[in-house]
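Below, each structure is written out as structure tokens.
Common to both upcoming complexes is subunit A, partnered first by subunit B, then by subunit C.
Take a look at the complex of A and B:
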């Protein structure tokens, strides 16, 4: 073990247990706690408009979804292009209750933590079912299986009258101990709720990866035959990865439904699934920190591209097609550039910065 | 000496105070209006001229000092036909302090209805879905709903059909906008309207509709009611022309007669479909740029003044955009004339009072826009048009259509 638990500049582990610590040094823990304090405190001091609170809430929800996708694609190596459909399952779980019981039923408005948990549960069950082909399929074939789930989901929502044919099913305002969360408090309230969920789920993933269940995922990703020889069940591990991913996606979907006060089809399309995949790639597949950096980068980029499109529209009236094309172009370009030049994603930049700071002022 | 100094300082201060107060009074108020619409993505062919119209009329109001010393500030943002973005734009506008909101898509109008109510903000939507009025008391339609338009077309269809029960298909946009009148039409048929709705097709991004048209011919379909935007209708008409199945005259046996609701037809369809548009029946509450009149002259002058091209200047979607912003501005002018402070509530009250002798005529519609607590559909009149020689011509005179309860 390092002599100094505050400023360890190298690895001094003498046991596996030491290596698996969540925080390697006390400084890491302190910085993390300070960062959390900042996240909780800043809205009390900085006044941010509803538009930006909505964007921030959206980023946090995407983080929950990407935590799930990263478990599936990054840690277990199973590519899914139906993740938005899993998120949709969560959103439509809450919406279904609203449709049957009414959007202001006590279960929706008061027992919302339970509803979020339930949405996660339904997402896990659907995830496990969709993951069953993973016992037999690999690589591109599995991608097609997840794509077909996305298509089935879209068709079901779009054509079944129970789901209002994809039109928004509204969800009532929730209650907290202080009473009904009115419009002025809405985005502020959900910021804290989602933040708490992101922290809990982030720590849960970090802990999962320290357990044998987490190591199973990585082993199956690296070589499923070797994992089989070591006594693991690759098929069940894959199904379990899908279920876990479905749970995270379900929770994200429920949060989305509550934040937007409704569930509508267009938030869970194939395009959104690809966006989620891009977030995971850009953030860094197979890294926990990538699950936070990816959504932030892609959503902020999207916002900037939108502003650029607006600029083009106003400057060049004939350039409307360019404005329309700008978003998918930028999106595609970012993914390609990351795959070519930084396949480990922004998380790798984070790793480099950290190791530089750890050794500072020395270079080696 | 000290007295003189004190007098001088007090005079100077008083003068400065008067100067500051008077300059504030002269500066006038700024009223903010927000519009969120699809300038990219699906239906942007409608959204682009629509948004340009709003932008131009806002500039016109300020340039012509229609609000006196007061100014109008219009926020116009693209939402790509996505409800999430529309909501984000709406929140941004609220942060900016808008007093009137103009929305675009059916999906977002339905999704955000409760927000309009909670914010008590008068909202005019580019979507004519009757359901918008059910979800919000603050939502207003510029003209009669899609349901009324579809039922009016269906009534005309049945009344002018010769022979057995007419076999009808619907060609609709795959969204809430497209589906809006379908259920009401089915109810009307169940309630005794003598026609059979053989098939309802939600179109995709097909470049050819031959197979669909052949299927309809096999099913003895004679009439097609379109509830979508112009490009897919143009594609279908071109396919029908290729097959030679477009009826030369209304209801010709063994051929298809095409009819369309507001966003499905008009001069923009002529530009897209060319000669295949011949014989297309279309209903709307707007006058056309092909017909001489004061509305046409005013629109052309407005578009020319702000450097718009001919296609934009003659677009009926430009006409629509001008009409909705005209109504919003009119509420401000009326509230100001009554000495009221311009707030969301006063503008809402002005909208509700816009009826009878106070109904508003924008010059580009076949009747005045009138609103009340029980009627939040603006122009209640419709005009039927038919494409002849590459131009839509009126069929008969404008008529009021009230759907059966």
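Take a look at the complex of A and C:
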């Protein structure tokens, strides 16, 4: 059928393969490519201060982590309250290399893509080990397993002298083809690196969800016994989800370590795990768009909270650290309110806007 | 040898507090299948309310203890009413995430009070000299904590075995549909489960606060140590929670007493429960006394 490949006026699929396409119309593809081009080009024209560039880099790193968490919690239906610990595993993989070889060893400064991959691999292995109880158990128990992993991780970092007892372990500056990345270019350089990684991983997740393994995850989430009856292995699928999510978290952790030029304990606490969960929930569990919208929304919110507590600082006594109080309060409120009133997250608003624009000027 | 017995005694004291903390957790799980991640915050709230009533308002500590139990009872009930009531029937996963959010909210609220940053301790109301029993000494606060814990656990056991409300709570945990059909109000039972959990958590909080001093991090940690305890005891067994609490207390004391300082190990008491937990989840996830659920399609 010679249908319009630019504007879809309805669903005319004649095969499953057609339905599984990533871009339904050429227009979608065009918009996507334009969007990518904008993402790559804007820093060349717009001068942004280091402070805001850092925030943007942070958002991108959180996106990598949330892609993993969303695979685990959204698509496979397994809550993880230890995601920050998995991210920490990645960061400390790089950090332990720095500790053994010295922080400016060639392996760390020149072969950093390898290190990032390696951190992902270590994260995947650790994730699979923590997820092993999933072979037999359902989500309730896995919440506890991830929580205990978070505790074990915190203990390991805090008490072992190899990890500097939670103090920052520094990591040297990296090299690109043009030479050493100096202070001025640092955030700028990592923006591009992380952006490329986010795009690759985002496409990978999108593709994964079309494959047998990705659909296995969703099937096991919806009804593991039915999935079992249809020939999938629910236990293995869950462990696999844990490993995948560990990989994403590991990559995010390595990026975090490189961006901040060090790994310190305070970025991987239980509170951070909860804010990761908040990002996933606010973005929309079980949606790909949500993995991008959630971190953006939460980190922006975090910034506002910080500004607010700066603003109120003068009115209150100095003993009261308003930022430490307001941050958990807002994150908790955001989690609870979204779960109560918009459990499908911001991704749902995105969907509504999209379908409105698609049908405009008609209502339906 | 007296060192060993000293460890046993303090292990039992700590363990009985774990048991009391775990009790409330198990109550909520038993009746509504919800893991209450915010349990430690409720424990802390109970302790802080007692302190505020005693020191800031000058009420005698015994009365303020009872008052804080009642306040936390209604606090937990209203938490259930406001946040969790509308989620009945939603997937359990989102209810658990709501309790995670709740934990964060309570954290934030407590950080706003002076208790978030500073340490306090209850005024002394018991003799300071510890009781010596043949080389083993136990302080009065520990003894009082032990006694109160024993009374509360006995009371709860009676409540579940004999009283109508307790039996209806057990019925709901067994089969919601069947208990609804014989006229048990499910929301009421859920509310009551949360309220009693808050009650026991507050009691645990005051006892802990009396022994270790009022530090938010210490109190909050009890909400997390509860997880290894309940997994060891079996998630839905009140009796299991008591036994596992004491076992866990003993393990921690022995770890702190014999492992720390040797082979470069420190703080093993904080680590060991979670390692045990992970191993248990692999090999015996239903714990010592938990019921192995059989699912039918």
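Criterion: the second predicted complex is superposed on the first by the 352 of 364 C-alpha atoms of A that agree within 3 Å, B and C clash if a C-alpha of one lies under 4 Å from a C-alpha of the other, contacts with A are read in each partner's own complex, and residues count from 1 in each chain.
In this text, contacts are C-beta pairs under 8 Å (C-beta built on N, C-alpha and C of every residue); 3 or more make two chains touch, one makes a residue touch a chain.
This is a predicted model, so every value here is computed, not measured.
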Which superposed partner A:88 touches (first subunit B, second subunit C, both, neither):
neither
Give one of first, second, both or neither to describe whether A:145 is in contact with subunit B, with subunit C, with both, or with none.
second
Return the chain, subunit B or subunit C, that is in touch with more residues of subunit A.
C
Which of the two partners, first being subunit B and second being subunit C, lies in contact with A:340: first, second, both, or neither?
second
So, A:330: does it touch subunit B (first), subunit C (second), both, or neither?
second
Please write out, lowest number first, the residues of subunit A touched by both subunit B and subunit C across the two complexes.
158, 320, 324, 327
Counting only contacts in the complex, subunit C reaches subunit A at residues 33, 35, 37, 83, 86-87, 90, 92-94, 96-98, 100-109, 111-112, 114, 116-118, 224, 227-228, 231, 235, 266-267, 270-271, 274-275, 277-278, 281-282, 285, 295, 297
Along subunit A, where are the residues that touch subunit B in the complex?
49-51, 54-55, 58, 158, 165-168, 170, 183, 187, 260-262, 264, 266-267, 306, 309-310, 313, 317, 320, 323-324, 327
With touch defined as at the start, can you tell me which subunit A residues reach subunit C in the complex?
77, 79, 81, 130, 132-133, 136-137, 139-141, 143-145, 147-149, 151-152, 155, 158-159, 225-226, 229, 271, 274, 277-278, 281, 319-321, 324-336, 339-340, 343
What residues of subunit B sit close enough to touch subunit A in their complex?
39-41, 44, 48, 77-78, 80, 82-85, 87-89, 91-92, 94-95, 107, 110-111, 114-115, 118-119, 135, 174-176, 179, 309
